[in-house]
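You will see two complexes here that share subunit A, one where it goes with subunit B and one where it goes with subunit C.
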Partner chain A sequence: MSAPSGIYSKSYEDEIAIARTPIERLALIIGSILLLVFPLITPTYYSVVAIYIFIAIISSIGLNILTGFAGQVSLGHSALMAVGAYAAAVAARYAGLQFLPAIFIGGLAAACAGFVFGAPSLRIKGFYLAISTLLAHYIIFFIIHLPSVAPLLGVPHGFILPDVALGPFTISGTFRNLYFYYIALGLAVFSIITAHNLMRSRIGRAFVAIRDNENAAEVLGINVYRYKLLAFTISSFYAGLAGATYVYFVRVIIPGHFELRVTIEYIAIILLGGLGRIWGSILGSFIIIILSEGIRYITVTYLYVISPEVSAYVEAFKLVIYGAIIIVIILTEPYGVVALLRKVKQYFKLWPFRY
Partner chain B sequence: MATLDLITLTQILIAGALTGTLYAPLTLGFNIIYRSSRVVNFAQGELLLIGAYVAYTFTVLVASNLIIGLMLAIIATGLVGPLIERAVLRPLLARPVFAAILVTIGLGISLQGTSQLIWGVTPLAAPVSFPAEPIRIGPIILPSVSVYSALVSTILVSVLLLFYQKTKLGLSMRAAGEDQALAMALGVNVRTVIATAWTISAVSSTVAGVLLSGVFGFVSYYLLFVALRVYVAAIVGGLDSVGGAILGSILIGVGESIGGLLEPSVGPGFRDAFPLLLALIVMMIRPYGLLGTERIERI
Partner chain C sequence: MKKVVALLVVVAILAIVAGVLVTQPLTTPAPRPAEKIYVGYAFCLTGPFAGPAEDGIKGIRDYIRIVNERGGVNGREIVLLIEDNEYKPETTIRIFTRWKEQYKLSAFVTCGTHVVAAIYQMVAEARIPYSDTSMAGPFADARKYPWYFPAPLGSYTDHYRAFLKWFKDKWAGPRAPRLAIVWETKAFAPLVKPGVESYAKDLGYEVMVEVVEIGSTSALEQMQRIKAYNADVVATMLPPAETALVLRTAREVGLKAEFVNFLYSIYWEPLVERLGPLAEGTYFGAPFVPWGYDVPGMKDLLEAHRRFHPDDRHTTQYVSGWISAMVLVEALRRAGDDLSGENVRRAWESITNFDTKGLTPPLGFTPMDHRSTTTIWIWKIEGGKFVRVAEVTLPRDDGYLGK
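This part shows the complex of A and B:
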């Protein structure tokens, strides 16, 4: 007697496990080991890029929850990251908070702001919501630049954040990037697991129901407005966490870190990776950050030699690429790389048959 | 604030309304695209930017004559419309609104990046300059830039409205705006309609771009910020109403002036932020805009 085919779970714990098959478990173990030794065996530059990827993962998970799962278009993501970053910076500077409590406060502050961003979603949707979040973005920046607020926040010249401290340990000096790598990795893993579990719970299912058909969701007994606000709040928490971690890593906080192009970058990330998939955020962050670093690297190292002015066009070039990615993905593969990979997997599974 | 007399106030309000008239062709361009294809064009600001840059190129670098240069620029940007329709929007027919929003965002930032790659990031001279002498109407003094450009803008808007109301193509555009499928069944070529809408939008954006760069005195990506006001004006007025587009533009212009007036007491940047606040309030109370029609949703 042979075992039944397919994935066969004998208990509920098996059913909900993140790695369900031996291959997945093996991949998880090998992946973890690789991630843990990666900064030890590669030059620092690669760990820095990896840190950017981890931060992008945290933030894009936030945007994916809102746009991919709950179906609400938001153009205010970078402003929420800014709120988180500034809240953490203020908490660190004026209240002397340590790294973890500070970024947590950043997340909470962004969540509160996100709640406000989401308030118009009661009556408006689609394009209108996109515009209202865009307006909210500019209003946040207006508030940051107010003469009564700006000096406190060190706007526009920025201020330096304290070193990252975990309990009695302060992370600075030569191995700063190495330690920060593990911190960012931990935060990214935390975000992935919490988001993954949240999205397959009652809350996540409600988000998907609202995305697929708002009226039907309401008829099913989902309080649409409450869940939309919740989506904004949860999404913003991740945005704030990422923003705070980012400024801690680059050590200086200026409003320029959180311009509108950052929002565009995150939209490109979740679209490329796959809307409504946590995996999509991970893959998208990986591809876009490496692409963006690659563009910067090539321009700075190779094109700079030809003409120093060229390096001024890095951002412009990135914009063209992101725009092209957004257009091509939507027109050809609306569910991104994740869907593409699934097709590839399906192809090999069925090979040599077509279907 | 105590020193503010009635004349200054009128002057500021009129100046605001004139600025609003300047936004009108752009808002109308946005509106026409929405009405003919139900696509919200997040690339409107980039059309304006490209228009202004192309006008700069043709007037300064290609043709020595201003009028010929502007004509060439208008023809060139007019060709961009059908191109965008064919490449980006036709595959989007019958796809969710969400996809269209993101595609126009993508289109916008691509155009923005391309414009920076071609024309650089340093501001260029405005293709058209206006006399510095202010215009006086009784006790009211107005900068001639805004008066002349408001005049041009009004003419353009009137021509567009005439086209929309009186010609056969305008009629089919309105028909497609009412109900795309029905219009198609009645023999309206919806593709032509959408391509025309994009052409009109691109051309009126170019005119607006030339005028606005005349007001600012330079062409640079700062012009993109105007686009935000266009979206806001379109929302305030109502997305599907031509009258609403004009009313919204003027209201936003006036709002900007009032914001500028309050700037000393609130903080720098309030001139730009006040219209946005106004728009948020309008969106909360009348999401479909002042003159827009309320949508009824069916399950």
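This part shows the complex of A and C:
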């Protein structure tokens, strides 16, 4: 981690600190307060959108670990989310597990599936790996829809999950979304911190080495195959955790939650935010969801008042506008919004001088 | 670092305590004028069913516009909230959450069977009557889904059951008629096929089942097996593209059987035009008339067309949208001044023998059964037109509610 001039580490604790400068500490405190107070001072709708963002952060961190850090392509991400979601639902319904153990089981089940479907990465890479993970998507959905399995999973009527229970407390009723906001926030923070630390560890550096040059990594003594499988497994754990959290939020699980388009959306998130950066997943999730909701909100709230006809046209072209904005951002900064922000920061560090 | 963590914990506790104290006054939505009735339509204006939905929403809009011009419902104006749910459950959830907070919704309407499965629980907890374009039989069982009212056009299962009954009644062959069910396993068909298969067996059909998944590019093997089986009827439970694939392949292999297709895959004029000769002679069940059909109720639709958008082309979907709006308005009218979800639901369930002037058979609901009708009209496509060939009334209490 690069630190500003004059900031140096005197102990190992200093070295691993998340916030190292007074400004970083201040930003951390203000950011934390804002996140904690946000659902209390805004309508529930905003909390719901924030919950979607937190869940997207968890899932996209998983995909970023695999694709951004370890350099492995996957088109089976949403199917692994489905594995986590169904495993958690089954654990909750049939074994009576509470929320936290159930979502942990979901994460583990997805990790196991990721381990199996990551195996082709031992032999193939690039487009071929993408296709093999795509097949994983279809295999998982085939299993979910098997006539002998589907009734157990409530396919297609929907599988209703119990209320979120944390020890003796059950979260339901009017403030359900408020409490779920804090749960999702906690899980997102947990995911960010664990991923951040993982990437600073031997494992994370091995992932990056494999991504940058597989042969060189092998020469350096990294067991490439082992670490590739590990990347698939860890990534899938995050996917499973996100899938399980999501279905607990919506209360009903159907396969339609995890269609292939969901994987495409997550790929867009990490490309837009920045590959190989935890912040890329955070910013990408935020931008993609806010963009989608923002266009809708402006269209139906403001444009409709001016002209229902214009509003209808904009509504129809919403996806085109959404796509165009993403293309413009990626063309402006191919390394994602994180890189763009870094350039902005550099500019103001030197301002008013160019060099 | 420890100091920072300690500080964060203190700030978090203070923020939560302060927040809980101020939650109520800050999150209570601003009161809305009481004289308006808000109905939310999260409709699939983009996605695979965007074409039919666009015309359907026109029918809804026009009917509500006319009701408002005539003084509204019990003196109150109906405000239609329309947004595109993109045929996605997650988008529908976000729309519903926002509307629920901003407006006192008297009813909520969506588009897509999978959306119903995903969102029903949430809408039911909010105690808001909920409807959808879907007519999947299992959701019509009000004992399990008391807040849900399928589109008031029967149920998918009953559409097929009516045809099978009619066909069996006129069957004069020396052996039991043979039925081949062609279905997909991932979308709506799993909610239809079990009921149809069981009913066919009850009626004495011999049944075989074939799968053509969504996105398939060939149905050759399936059609050859059906031909070898010597099926008399083929019931397709597939989306439009796969229905076209099956009809074309059946023709190529020389399969001689009557086809009964899924309502939304055939009962739409642009689809029939695209299918051309493939659609000729095929059947479907639907308890409502197509656009322009000569019944007294069509006069109002033609008038709306002339007044609001004379250059547009309308279809069966416009008619179905109009009918669903008629039923909704009737429920609101019966609810009177008490527009609480509970009362609107009770009012909806009190509708019996509702006369649509020939657009449909008489419609009605009960607190147990939310199928609008079990009288189904059998239609045949002849010369590119929809021709009504029979009317079949199924008993409501024959054990097929919820199937």
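In this section, the second predicted complex is superposed on the first by the 311 of 355 C-alpha atoms of A that agree within 3 Å, B and C clash if a C-alpha of one lies under 4 Å from a C-alpha of the other, contacts with A are read in each partner's own complex, and residues count from 1 in each chain.
One rule holds in what follows: a residue touches a chain if its C-beta (ideal position, glycine included) is under 8 Å from a C-beta of that chain, and two chains touch if they have at least 3 such contacts.
Please read all numbers here as calculations on a predicted model, not as lab measurements.
In the superposed model, A:H145 makes contact with both subunit B and subunit C. In the superposition on chain A, contact of A:A216 is made with subunit B only, not with subunit C. Judged by the touch definition given at the top, the superposed model places A:L331 against subunit B, while subunit C stays out of reach.
When both complexes are overlaid on chain A, the residue A:H196 reaches neither subunit B nor subunit C. Legend: residue contacts after superposition of the two complexes on their common chain; A:R342 is shown touching neither subunit B nor subunit C.
In the superposition on chain A, contact is made by A:L319 with both subunit B and subunit C.
Legend: residue contacts after superposition of the two complexes on their common chain; A:G158 is shown touching subunit C, with no touch to subunit B. The interface of subunit A with subunit B overlaps its interface with subunit C at residues 145, 147, 315-316, 318-319. Note for the complex: subunit A touches subunit C at residues 13, 17, 19, 25, 28-29, 32-33, 36-37, 39-45, 48-49, 52, 141, 145, 147, 150, 155-158, 160, 175, 177-178, 250-252, 254-257, 293, 296, 300, 315-316, 318-319.
For subunit A in complex with subunit B, the touching residues are 71, 73, 120, 123-124, 126-128, 130-132, 134-136, 138-139, 142, 145-148, 213, 215-216, 219, 261, 264, 267-268, 271, 312-313, 315-327, 330-331, 334. Only residues 40, 42, 88, 91-92, 97-99, 101-103, 105-114, 116-117, 120-121, 228, 231-232, 235, 239, 267-270, 272-273, 276-277, 279-280, 283-284, 287, 297, 299 of subunit B touch subunit A when the two sit together in their complex. Considering their complex, residues 1, 4, 7-8, 11-12, 15-16, 18-20, 22-23, 26-27, 29, 45-46, 83-84, 88-90, 93-94, 97-98, 101-102, 113-115, 117-122, 138, 185-188, 190-191 of subunit C touch subunit A.
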